[in-house]
Every structure is written in C-alpha cells, then in structure tokens.
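Next up: the structures, one after another.
Next come two complexes, and both contain chain A; in the first it sits with chain B, in the second with chain C.
Entry: the complex of A and B
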C-alpha cells in the first residue's frame, strides 16, 4: 500500500512539477514541456469611435473598424521539445488621420483621409523550445505582411530555474527587419521605399514567494534604427533612431476564501524621444464554479509627449523634427474589460468585451492641448481552446 | 549602474528570504489563473493593439514584428 501511495505521490508530483510555472510557448518563461496538444482560435472585432465633426477640418469622420482572426497550435514533441504555430489575420477599414491644422479657434483639427482605406495584415510566427532539467531554450521566427509593409523577425530565449525551481532567470533577444513601400508614393510625394531595424533584449527574474504568491521583475532595452517617420502623415519627420527602456513587475496571489487570483501588472517605459509612460493593469480571475471563470479587469495608461511633438505645425518652428501624431502626444487612457472562460474537460470557450477610452484628463500630468486624434474603441472577442 | 546594482540586490534578497516551496506544494501555483498569462492569444492581441494605438511598447518578452498600423 505504501509503495502504491508513493507511486501515486510521484505521479502527482510529476504532474505538478510539469505544470508549475509553465506558460504558453510564445511567452519566454516556458520552463516545462506542454503536456497536451492545444489548438486555439479567436475572432475579435474592435471599432474605433468616429471622430467628432467639430474636430475634423477635412475628410471623413469614420475611424477604423478592425476584424482579427487568430489561430494557434502548441504541441509537445518527443520528451524534451515543443513546437508552436501562431497566426494573426487582420482586416482594417476606415479613414485615418493624415495630420492636423489650426482651427479658427486656434485649437488643432484633424485632416482625415477622404475615402475609406482597406488593408489586410497577415502575421505568422513559428517557434521551437527545448526543455532541460533546469533550463529551457527557445527559437522563433516570423513574418508580418501588409500591402505596403513587411516585417521579418526572429528571437531566442533562455530560462534557468534554480533554488529548487523556486526562482528563475529569463533572457530574451529579438531582431526585426521592417520594409515599407508607401501606397501612391509618387502621387503624394511620399518616400518610395524605406526600412528600419529593431533589436530588443529583455531580462527577467521570477520568484515563488509562498504557496499562494508569485512575483516577477524584468527590464528591457530596445533600439529602432532607420526610417521611423510616418509617410502617411503630413510634415511628419522623426529622428532616425529611438532607444527605449522598460521595467516591469508582475504579482499573482490566490485568495482561497474567494477562490480567485489577483493579477497586478505594472510597466514603466521611457525613450530618448522623451516619451515616458506608466501602465498598470489589475485583473480578478474569479472561479464562479469549477468550470466557469469570470475575469473583470482594469487598465490605466499615461504617457508624456515626444520632444518634437506639436498639436499642429507652426511656421517659424526651427526644430528639424515634427509630428502631430496623437500617439506621440500627452494623454491618458483607461480600459475596462470582462472575460468569461468556460471549461468542459478538454474544451473551453471564451468571450470578452473591453472598452478603451483615451483623454487628456486621464493623464498623470496636466495637458494643455488635447490631440483631436485620440482613439477610443470597443473590443469584442470570442474563441475556443481544444486540448488533445 | 547604481540602479542595476540595487535591482539585483533586491532580487537576491527576494530569492534568499522566500520560503522554499516543494513541487508537491505547488498545486495552487499550477492553476491556470495563477499563470503570468492565462489567455495566450488574448495577451498577444492586446499587446498588438496597444503597440499600434499608443506611444510606448515592450516589457512583455514576446517576439514579434512591426506593422504599418495607423
């Protein structure tokens, strides 16, 4: 009897060890080989709010509607490997801000594209990971293709578990080669072709705190080099390089009395364009039953402006760089989401709704002039996962 | 340099002071809701949307390329 109990305990131990701290293969920290083959599918749709007519000088007030299909496979191979296939197919339609100009009241107004733009993007990533006793090493390659933009990228990642697998160090490096061939370049005086490179390195440290808690810290460095301006935006001229720094912290704690897990994620970002941002996300993973999980979440974001950002171009400005892109303006954003995951043995489905709103009043710092191109949107997502 | 030394000192302190949890004690830590990412495709999509709509990116350790997202 004692022998049988020991065998059962070892089997349970093996299962727990295999699943403890395991993560989807595309995430760096996959220290355990997946036990099952998993196929995942998601259909998502998000609709940007139309621009206010009073904020638009010329062009359409319609903003983007985007439909996305994701398809993912993760499979164990042999005793020590796994492979993954990850794809995104995206369709975008709507009008886009081309720039800004001063309105009659001196406030910025949008110059929007006239007709609706329609674009498709396909993105495929393939990865392979090797799992050792205390180390995991991964390699991934991928390609993203649009009619006017192509990116080819690869990454390597490594994780080492120590301290009886209570601690882990993660290191990841990735490189991307991007090429842009703007549409109607000659017609609108745009650059006909350009390229940029991006190199990133990330370091992470994870620690089990106790039977109910985990914490992770990480830092990242990234550099973009090449053509970084937006050829579809009027007068947009940006520096030819951009160095970025991120610091993240993530905390997970399980509340037994509530049968729920608390997720806290924070990111600090800064770059040499003087953009500084803070991102804080809180999520409550509540087990309503042993098969149904409800996940309400809140995300807060605040960023400062790039040092060459202006709400609109002013004559006499001697700065060689300029952009009125709202993504380089000062603002804050709040999003709230609710997701349900319903699990049946080896099948689960999920549905999610999320509302994102950007506004100058949400910024941590006082903003004098809000960019009229700030985006708000509503996202719907449904999907399923099958294990076999 | 001082900040990195302080950071690694904090990490070493965390590692040294935490209680060692044995594999058979990690049942709760192994639950899906206790993983860093509970929904892989959803996490990838959120990162992509925020990358295309906001002025900052990174910090996820996820490999990916750029896009002409407007």
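Entry: the complex of A and C
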C-alpha cells in the first residue's frame, strides 16, 4: 500500500512539471539548446501502385515498395552544445521503369525492369550545434550507401536571432559527393562508374508577427555537376550541369477559438533544364484534447517538362540530350494525409497515412501526352518520441 | 565589457519584486530588458487580479451560473489545465476554487468564523464541482476561482522565460519570496537563496544553492491571527474550510517556481509529518520547519 502510494507521489513531481512546462509563456523557443535527450523512431511503408498492364510493353508491372526505418537521437552536451545522430535504413523491392517506347496506338508504353529489384540503402548523419548568445552554429556530416551508390555530404548552417528574438536569419551551405557504379554495367552497356557534385546555399528569414502567427521566407540555389543521367534508363542522356533555384514561404497561424494552427506552405522551383514547379500545402493542426492532435493535410503539385524530355524517343530528333523519365515530364499531383499525435508526459506516438496521385490532368498547364511512368502511392507511417 | 550584476526593483502584485541580471552590455541595452520584464509582471497582475473589473478572473467569476460557461484564452487555459493537475496530484488540497472561504476568514478581525458560515461556503468550494473542457470553463453559481495561488509563481517563471528569450544567461527573478532563475551565476556558481527564519522572518535561517528552476516558500508567518495561543494562517484547507497547524514554514525547489509553489501549499495543508513524507516521496528538494508553538 505504502509502495503504491509512493509511486503515485513520485509522479506528482513529473506531472506538475510537465504541465507547468507546457504553459505558453514558459515554452523554450525553437533555436534554444534542447533541454532533454530525445529519441525518435519511425517506420514507414511506401507502396507505389502497380503499373497498368496496358501501359507496360515489357517487364514487370510490380512497382516499388519501400520499407523505411528512421532512428534519431538528439542530446544536449554541456551548456551550449547539442549533438544529433540520424540514421535511415531502407529496403526497396519491385521494378522501375527503364524507359518508354511508342505503343501501337502512338501512346508511350513503359519498358519495365525485370521483376523484383531488391536493394538496401543506409544513411547516417551526425551533427553538432553550438548555441551562442544570439547565434546557433551547426555542422553535419553524413554518408549514404547503396550497393551501387555512395554519397558523402557535409553542411554548415547558422541561425542568427535579433529584434528581441522576434526575427531570425538562417544561412546554410552544403556539399555532396555522389558516386555511382551501376550493376550489370557490362551486360547492359551502362556507364561503369560516374560521379557528381552538388553545392547548395540556402538563405532564410523568419519573423514572429504576433503571439499567434509566424512567417518564413527562403531562397535556395543549387548547382549539380557531373553525371546527371540515370544509368538504368534506356537512351537517358542529360546535360552535365544543372542550376536549380527554389523560393519558399511558410505561414503559421494559431486560431484560439478552434484551438488549431493553420500551416500554409508554398514552394516555387525552377532550373536551367526549364523545369518549373509550384507546390502548395495546407495543413490544419487541430488539438482535439490537450494530449491528442489531428493533422489533416492537402498538397498540390504541378511541374513543366525539361527541355530535352520526350514521352519516347523518335527518330530524327537532333537534340543531343534525351530522357523519358517521368520525373522530368509535365504533370500535376495531389496528395492528402491524416496524422495523429498522442502525447503523454514525455512520450508521444504518431501514426500517419498519406495518399498521393499524379496525373496529367492535375497539371496547371495542358499536357498532351501523359508519361505512363507517373507514380501514385500510399504511405503509412508509425513512430514514437521519448524525452528523458 | 565584463559581466556585472545589475538589479531592478519595483512593486507588483501587492509585494516587492526584484530582478538580478548579469549583463556585459551598456545601459541602453539593459534598460529595455528590465522594462520588458516589469511589463510582463504588470500584464499578469492586471490579467488575473481579483480586484479589476475587466480582468480575466473577474470575467470568469461573473460567468458563474451561466450554462454556456466562458471560453478562456490559451494562457488561462494552460493555467486551468495546470490547476486541474495540481488538484489531482495533491488529492484535492491544492484547489483554486477555495478563495470564497476568504469571506468567512478575516485575519484582521482576530475572530474565528462561525462554523455554519464555513459550511455554507464549503458548498461552493471544490474543483470537482466545476466543468473544465479546454477552452470552456463552466462554473456553478456562487463558485469562484482565484489564481492567487499560482499567478505570482507563474509570473516569476514567465519573466525568467522572457529573459532567457532575450539572451540572458544569468539572472534571478524574485516576486515577494517566489524565485525563478535563469541559469547559474557566472562561472557555474550557484545562486544562494536565503530561507527565512519563520520565527524571525527578517533573518535567513539557511541557504539553498540552486542552478536551475525555482523556489517558493510558504509559512504561517505571512498572514495570520493568534487566538487562544493557536495560530490560524491564511492558507485554508479546501476540504475543511480551516487552516492547518503544524508547519511554520516550508520552502521547495523544483523545475519551476510554479511547481514549487504548488508543493509548498500542499505540504502546508498536509501538516508537518504528512507534508514532509509527501515532499520526500515526491522527490522535491525542500526545507520544512515545524511549528514549535
């Protein structure tokens, strides 16, 4: 009896503390040093719909399924530092489009890889952040490994707060070295090994408008150089340079009467391959109770085609570059998701389901020929976070 | 400029307030921070004062008896959520609805209240009688809530959080004995908090070294009357309607001043033996003096 009593009383300290710390005025702001160790785990299952048999000329209709496990630890170290460790393990299986050819009706048809490619990817990133008076400085290094692909990257970022911490500027630079050694290179006449470099710079500005709203703007420039083609796709020849530009804006507003926050995000993208895309995302973070949050979200995407993209190779085309990759084709996509987050004192779990569909009719501009390789997928994700 | 300690004193919530902050910046940078901190204290004083007509507390209490209740803002909702947990964790001893008992207890009168008056008022005391469904509070007729037991402690924490947000690394906020700190003193030196001698409240009887969180103290020396050699203090048990004897003062160190304040009130109402047991079992760092009278 006494023991039971003690257990209840011990939790008084924890229960009161957790409740006190969730009071709005006592919340630590985002770029402060974390006070808790946090462990997060996510399992996601990404399932592409099978290709329609009528769209496939040869090969399997079974497209990618990917199982993703993500594990992350963030820990404060000393008074001014935190370290983070982030790892991702992915297992892919299924087939992917190798290319297209014209069907008897003049519409493109997919040439799929043989059934069941099975592949693993491991990705590990380690980061350290220093929290100064008004500036946080972060360094990170990472490595991603597949049987035919290796990438090493490093990044440095700063966040500087001013105007009584109501405003912040973020600057980030990252570099990535990627090497590819395609499988069965000799058999299929693929390039035996190739590499590419990517440099990216991002600038951001965030401003707290009032107690309930926040706005963020950002621009980013990236330069890829090296082998940018897809060695597994037939006839795929792309330029060896690509300059990319992105502009983002994010708006957050908390509606007191609804006890919910609106997240509105827009992203513009353009590159010198003439791909332009727009992404609009709306999410409603609704506090159903003070422990349960439901987040319905809707995302719209539309892109134009690359200047060397064709639905399939036609003879007499004098352009030295060619790709029929659906990712460079014109299309639009709509996805809808629903996430639940259930929080206990220092433990929370989350589950999410998302449905994504791409289609030529969703595009902002009229698309004459739809790429048969466009994906539709269902994503299911569960996970938990523990603070201690 | 080297770090140097600067102090700013003012009066708020019916008592003295003092901010101690280490700065290495010139006066033009220090003044706005002190002003901001003082403004936050006044904001909370006005928002939760029982005496102001347009305070949140007054509006809530005026809504008593209406079936639709009142929708409260996010900050007040947070305090009500906290009050609910404090009520549960203290087995009903920490109760922000107990303020109506003040109508029977007049500590300036030197007279004990009539038992039937207390009985009548107890009908309108008890968190379990109201309905709190964030953000709607429905208060039965004649019930009142009083944030007096949380708001000073919460204000100390809120000011400390504000200072932290302003980049302050070493500071101390004291609102009439309730203390919340921002970091240690420079060079990892702890803040030395003097604990009053309950029998001679102007003197410190002990010091507690802290590097984080907050400290709150409660004692029967603050507001009381002595009748027939028995001391009746202003902290009243919401279950009986009477003050408890046995503890002359208790100080608690916790992660926040707010939590420390809740623990001191609970311990005082549990009495010396049970109070000490509860604090030990709950793992609060504390200092409790028994009443020797």
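One rule holds for everything that comes next: the second predicted complex is superposed on the first by the 358 of 388 C-alpha atoms of A that agree within 3 Å, B and C clash if a C-alpha of one lies under 4 Å from a C-alpha of the other, contacts with A are read in each partner's own complex, and residues count from 1 in each chain.
Everything that follows uses one rule, which is that a residue touches a chain if its C-beta (ideal position, glycine included) is under 8 Å from a C-beta of that chain, and two chains touch if they have at least 3 such contacts.
Bear in mind the structure is a predicted one, so any value in this text is a computation, not a measurement.
After overlaying the two complexes on the shared chain, residue contacts for A:257 are found with chain C alone; chain B is out of touch. When the shared chain is aligned, chain C comes close enough to touch A:134, but chain B does not. Looking at the shared chain after the overlay, A:267 reaches chain B, while chain C stays out of its contact range. The partner that reaches more residues of chain A, of the two candidates chain B and chain C, is B. With both structures placed on the common chain, the touch criterion links A:165 to chain B and to chain C. In the superposition on chain A, A:142 makes contact with chain B only, while chain C stays out of contact range. Residues common to the contacts of chain A with chain B and with chain C across the two structures: 9, 12-13, 16-17, 19-24, 26-29, 164-165, 254, 256. Residue ranges on chain A touching chain B, taken from their complex, read 9, 12-13, 16-17, 19-24, 26-29, 40, 42, 44, 46, 64, 68, 70, 72, 86, 88, 92, 96-97, 117, 119, 121, 123, 125, 127, 140, 142-144, 146, 148-149, 151-155, 157, 163-167, 170, 172, 174, 176, 178, 180, 196, 198, 200, 202, 204-205, 207-212, 214-220, 222, 230, 232, 244, 246-248, 250, 252, 254, 256, 260-261, 267, 269, 271, 275, 277, 279, 285, 287, 293, 295, 301, 303, 306, 327-329, 333, 339, 341, 350, 352, 356, 358, 375, 377, 379, 381, 383. Of all the residues in chain A, the ones that touch chain C in their complex are 5-6, 9-13, 15-17, 19-29, 32, 133-134, 161, 164-165, 254, 256-257, 259, 289-290. Partner chain A is touched in their complex by these residues of chain C: 36, 40, 71, 73-75, 78-79, 81-82, 85-86, 88-90, 134-135, 154, 157-158, 161-162, 164-167, 169, 254-256, 258-259, 262-263, 278, 281-284. Those residues of chain B lying in contact with chain A across their complex are 7, 10-11, 14-15, 18-31, 33-45, 48-50, 53-70.
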